[in-house]
Amino acid sequence: MTTALLLVLALVALAAGIATGARHPRTWLVLTLTGSAAALGAALSVMPGPPDWEWRSGFLIGGEALHLRLDGLSALFLALLSVVGGAGAVYARGYWPDALYPASASRGRAWWSALLLSMGLVLLVSNGLHFLIAWEMFTVCAYFLITLDRTRREVRVAGWLYLAASHAGTVCLFAFFTTLAARTGSWDLGPLREHAGLAPLFWLALAGFGVKAGVFPLHIWLPSAHANAPSHVSAIMSGVAIKMGVYGMLRFSGWLPVPAAAGWVVIGLGAASALLGIAFALAQNDFKRLLAYCSVENIGVILIGLGGALLARSHGNAPWGRLALAGALLHVWNHGAFKSLLFFCAGSVLHATGTREMSRLGGLWRVMPWTAGWFALGAVAVAGLPPLNGFVSEWMIYLGLIDAVANNDPFAWAVMPAVIMLAMAGALALAGFAKAGAMIFLGAPRTRPAAEAHECGALMRGPMLVLAAVCVAIGVAPVLFWPAVARAVGDWHPGWASAATPAPLLTLGMAHLGLAVLIAAAGVWMWCKVRGNGLRRGLTWDCGYAAPSARMQYSSGSFAGLAAGWFSWILRPTRRIRRPRGHFPAGAILLERTPETMLEHVLMPAGAGVMRVSTAVRRLQHGRLSAYILYVAAGLAALGILVLIESVT
Amino acid sequence: MIPILQLLLRLGCWLLLAPLLPGIINKVKAWVAGRRGPPVLQLYYDLAKLWKKGVVMSTLASPAFVMLPAVAWVAVFGAAMLVPLGPAGAGLSFRGDALLMLYLLALARFCTAWAAMETGSAFEGMGAVREVSYAVLAEAAMVAAVLSLSVQTGSISLVTMLAPSVGACAGLLAAGLFIVLLAENCRVPFDDPNTHLELTMIHEVMVLDHSGPPLAAILHGAAMKLLLFAVVLAQAVLPMDHLRPLGAAGLLAGSVLLVTVAVGLVESLLARFAFRRVPLLLTTAFLLCLFALLVAWKGGMP
Amino acid sequence: MNSNLNLLIGLAMGLNLLALGSSRLPTLIRAMSAQGVILGAMPVLMDHEPDWRVALVALATIAGKGLVIPGLLRRAMRTVQIDRELEPLIGFVPSMLLGAGGAIAALALTHLLPLLPEHAGSLLVPGALATMLTGFILLIGRTKAISQVCGYLILENGIYLFGLLLIKAMPLMVEAGVLLDVTVGVFIIGIIVDRIQRAFDSLDTRKLTALRE
Amino acid sequence: MKSLLLIIVPLAAAALALLWPQNRTRPVILPVAATLHALLSWWLLLDPPTVAAGAWLGFDPLARAVLPVVSVLFLVCAWYGVTYLKLRGERPNRVFVAALLAVLGLLSAGHQARHLGLLWIFTEAVTLAAVPLLHFNGTPRAFEATWKYLLVGGTGIALSLIGSLCLGYASLYGGGGGDLTFVALISQGAGLSRPWVLIAWVLLLVGYGTKMGLAPMHTWKPEAYGEAPGIVGAILAGGVTSVAFTAILRVRAVVGAAGEGPVADHTLLAIGLFSMLVAALFLLGTRDFKRMLAYSSVEHMGILSIGAALGGAGVAAALFHVWSNGLTKGALFLSAGNIRRAAGSASMDEVRGMSALTPRSAAIFVTGMFAVTACPPFGPFFSELKVVRAALEGGHGVATAMFLGCLLLAFFGLTRVVFAIVDGRPRSATKQGGKRFVETAGVILPPLVLLGMSLWLGLFTPRVLQEVWSAAVAQLYPKP
């Protein structure tokens, strides 16, 4: 009952938010926050345990009765959506104000509420037709949010790429849901685990949802869309929207039977996404692009967990699969929290300096201490380091997978490479975020805008604080969040439904807590000690060079160069170099660009091929009437031959 | 009463004995070179001196510059608490602690690299890059080692993983982990701990700007890390579960000493490798651990 | 009876070849109108007992195809002062060969089709096919709008020829409607040809290629 | 009687328009006649008359399933037409108004024709009546377009006449008494001569397919739609094509009764997929947004044809799609007409920044574009999904994949063009040239209403419509 009331409240508040967004920013903020809070409340009210909240109505939409359902799995995503959605709404007030963006700020607010509403509906509806409706509305809302600043060409290009890729995914989902409806005779969704004949549909769902999730070879839209969108939009795209793809995969791999090879493929895709995603991230100079590629990595981590769970489920419900799946689910939350936090930080840097290029920044900690601090925290979390949340979920996935190896399960050979690649991805993430943090916030400012930056306002800092608190809370007290995850695991596979906390989770939490306290204490103590001993400021020593300039600092490209070099087979960086010549060299240039390999070296040639065909075909419409009549005659002849063949055979 | 005593003992072991190892290595090197060398306790003197000194900090650096070495030290210390000391067991042991240990070391690495980048110095940047990049390969090797140990023992807890041991893969594992030890602890042939001014340095170049207590924390942390690796290596390879506690402790101490001497000998006999060969060597370490894993896995199959 | 009819149809097929082979537009129009008159006379010949509705259709056809439309085309031709098709897309000799080949093929094809006994011996079907083919060749192969209109009319003639198969089955209203449509259609084509001539100062359809991809 | 009024009212109005003396007030006849027509057709929709089996003309289920949407589309376009013709006050509109009304009357007749010959006559008449609409602008380009429309369309019409004759001969050869009503032909069923039926089918499919605009007979479409006023495009795409489609459906029923249904379905599927593919390839490259709408129309004709190939469920879906596509396309054509007028060009090389110049039309255009590319929750999404479902239930996996692939390519093409003209900085030339286009309610409301109806149709498809579509299916696939 409360769930229903809260959901209605959320619906009404968000719908009112859409209506008022354009004119009344204050009311809009209150409404959106109310809606988010209500949705969060609804999610929390379902989490403690069964039964699911379910509502069937005779009300027909598109000829199908409305059927809503909120179970543990969707509640998990709904909670994430409401937290990031609410935080982003507040952030947007500071980041994208009417004063700076008179044309788009009002539109942005309405779209924001619409996005939250449509994503919420994706999570709630339990009918294939309605799922497609909500899904596509969410895609379109996200498109208009990404292209909020339509005056810039690259924004439009990025938005189009997103829209086109999403539509390709949606077309797969068209096929998926329609085949499902055709096979089962109904659009209604629900557990259909016994229909073994539905298993091959998993591939369609994987492709369709994979595009949205940004799984490695399908991620082409993701970097540019995340980079060019306003940062609060990037945050919700990366933190929540791509998770909708994960939700789809989880939902339908849970409800439908899957083919035998699903586990291998998913874990393989996950490992590839994790490793290659972070390799691409490392090579970026644009910090929002770096964050975007890092999302590809984290989706990979989640898929490794899901793939492990699929393998375990298909091989006798091995209990370790439960742990891997729980890790993946928790990572959904974790990534949502720290990636949104990082995008908020990125937004505040962009806001203050106007550039996304790390090689034009530096030394921002002095003017933006809060942002720098939150970014550092987010970096530790995203690199999967203890004692923050990123480690907890990765640790659970590791634990599940290593259990599989330790048990000598027959498919250990697939799990072992995944574990090793996960470890390498973790180390690369550390490198990538050391680079990002260092290039943006540390050292000396490399350009004037960086030197003249300013700290962001309270409206932007507040949401960051909330998300940072979530990161810390999940890090030091994962047990508190376990019931929600366990419930979702149970919904995915009833055989694993159990509230029992895996013992080491508590210990890990305590260890993290102790570590956090020790770290804080050690840091403060060292500072006091140093102050006590006497602190002198001096020039950076730099091997005795007395006149360093900001341009002599290590650059973004050189930082990534070493590790990115190992991946040059796929990164395919292009390089323009003019070496210094002679005794008194005049100048030297080194330009390096990392292309979007999948886009530029795979998709665009294929697209060019299609366009060549199109151009050739379009030449047929050359304006000469005689030929047009010839086409009619040709059509007649072709159909005649077809009919002749048909009637003979 | 007993737990407190145990804790104190463990602390003593890790905190007090660790700085001994670099001293021993230096002594071995001096001995091979026919010099007298610095006293074995030299690091203790250095630490004590540094602890009392004031700090010079780059104008570009934030307060984090002095705090992060302490954080890194805490991380290494936390990792050490997870490592069992032979019969004494670990300070904290639970399923999956091996991963926590690895990631705590990673946290320490992150803090050091971050602190290095604070100064805006190109040299320190260079060091940080190498540190975080080579760690990718080292991490892969270490995870492969963890996997092979857990295949052998069916566990992911360091205490059980390291206790019985000796499978067919012990030799491979020993070689692999020894290389990782050299790499992670900035020893020759990866790095030369004797110089601080080379462009070709890794770890050492990152701490160029540190001074006073933070530098002490770094040096002590490094020593502790060396000890940690030596202990892990020794226990991963040696069968100690059926020895009596004292015997096991003795064996552990002896083998740690052996590892230390071996490091010293390697440093005396080898020159530092050219940089492009470093990944090669680390890949070798990774492959050794991977082979160990395969041997353990296939060997363990019924 | 059938032989009379076949003679006329043979004549119409000969006119097809004339239409295909001549480069002069007046000849083309003349061939087309002659064909129209012949076709118009045909239903009268087919029927033994005189029927007023058949006579009506015949009269209308002869009037429309033999007089009105050719007159319209001749006027258009005079205003643009062209009387030759100079650069056809399909040359005159190939056109004729195609037409002749088509006629032979049509004769051969007719044997494959199931026909009622009273139609089996007649040239109606092959004649219709050959005429339609001629129309298509003219439509596709000529560049002057007038030639194309003639092609279209010859195509219609072929259809009319074919329609004679059904003359008894088709109710008058339908027949009349069809005829009306065709006439109005040609009339409208005539108007548009006139407008095009005014807008482009030419009836060369090769100039009508502004609309293209 | 009421069903005859559907034909008589517009034709009488057309005659009135021809006689009406005043250029300024003449357009008012349009909405008046259209309102009457719409009222009549919806009355008949809700209260269908009984049609005598042998009637040549009658408001039978198939007419009932399609004609009301044509009527509604025409009504909205008529309201738009009043404003449009006021804007174009400089041009005489006598023939235009009369021809528009004649088209409506003849369309009503064509939809109700239950006789093979009569159907052909009305279809041809519609084609001819539409000619003055195409060259309303009076430019050389418009005449060129008209010329091509006439000759390609005329060829198609000629082919469908031969086809009709062949079908008649099939009946004659099979011993039929010369009754060429569809009911009689269907009841003759297997008695029809099969070779003649097949020949007739090919000819009629190509003939009426030309009218519908199926590839490769679609070549007249981009030229005609590109040069005609938006209102004409809307009526051609939503109304005239639908009469050709129902003609094909009626003939298909005869062919099915003769036992050649599978062959007919295969050809429909083949030509439908081919049309979609060709349209998608053209859409990828075209640079003119009105021609783009024409290619999109070709694509949707392909969808209709595929639906018709899929048996009962597919035909019901196709009839649904006639509604949803007609309304959505109408909104697109009308808003495109606004944009075209405001920008002075239809090429994406010259038009951009329309979201600043004509924000409302641009918004409708973009929304309509999403709607027509099967984005929920608009009508085409639901109808296309039903087609896909029918295809999958029929086991046409490969065809479905091609179908979806073409939809995707078409989406790329459409979004490319639409966003190119909507976004960016408006060209200064279009701003200065002449008086500015003002987005009055008269030009904004009609497309908005159409879009709203498309939305409503998809989300809350009235039960009566679903019944009507299944009744039409029952008419076409009589239970033995």
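Couple of notes before you dig in:
Here the chain labels run A, B, C and D in written order, and each chain numbers its own residues starting at 1.
In this section, a contact is a pair of C-beta atoms (placed from the backbone, for glycine too) under 8 Å apart; a residue touches a chain by one contact, two chains touch by 3 or more.
Computed from a predicted structure; not experimentally measured.
Fewest steps needed to get from chain A to chain D, stepping only to touching chains, is 1. Looking at chain C and chain D, the chains that touch each of them are A.
Ranking A-C and A-B by contacting C-beta pairs places A-B first. Averaging C-alpha coordinates per chain places the centre of chain B 77 Å away from that of chain D. The distance from the centre of chain A to the centre of chain C, each centre being the mean of the chain's C-alpha atoms, comes to 68 Å.
We define each chain's centre as the mean of its Cα atoms; on that basis chain A and chain B are separated by 35 Å.
Averaged C-alpha coordinates give centres for chain B and chain C that are 98 Å from one another.
Each of residues 618, 621, 623, 625, 629 in chain A touches at least two other chains. Touching two or more other chains at once is no residue of chain B. Under the contact definition stated at the top, the residues of chain C that touch 2 or more other chains are 139, 148, 205, 208-211, 213. Pairs of chains that satisfy the touch definition comprise A-B, A-C, A-D, C-D. Those residues of chain A that touch chain D in the shared complex are 60-63, 129, 132-133, 136-137, 140, 150-151, 153, 156, 160, 163-164, 167-168, 171, 174-175, 178-179, 181-182, 610-611, 613-615, 617-618, 621, 623, 625, 628-629, 631-632, 634-636, 639-640, 642-643, 646-647. The touching residues of chain C, when paired with chain D in their complex, are 113-116, 132, 139, 145, 148, 152, 155-156, 159, 162-163, 165-166, 168-171, 174-175, 177-178, 180-181, 184-185, 188-189, 192-193, 195-196, 199-200, 205, 208-211, 213.
Chain C makes touch with chain A in their complex at residues 89, 136, 139-143, 148, 205-206, 208-213.
Against chain A, in their complex, chain D makes its touches with residues 147-148, 151-152, 155-156, 159, 194, 198, 201-203, 205-206, 209-210, 215-217, 219-220, 222-223, 260, 262-263, 266-267, 270-271, 278, 281-282, 284-286, 355, 370, 373-377, 381-382, 385, 388-389, 392-393, 400-401, 404-405, 407-409, 411-412, 415-416, 419, 423-425, 458-461, 466. Residues 115, 117-118, 120-121, 124-125, 127-128, 131, 135, 139-141, 143-148, 150-151, 154-155, 157-158, 161-162, 165-166, 168-169, 171-173, 176, 178, 180, 193, 195-196, 199, 222-223, 226-227, 282, 285-286, 291 of chain D are the ones touching chain C in the complex.
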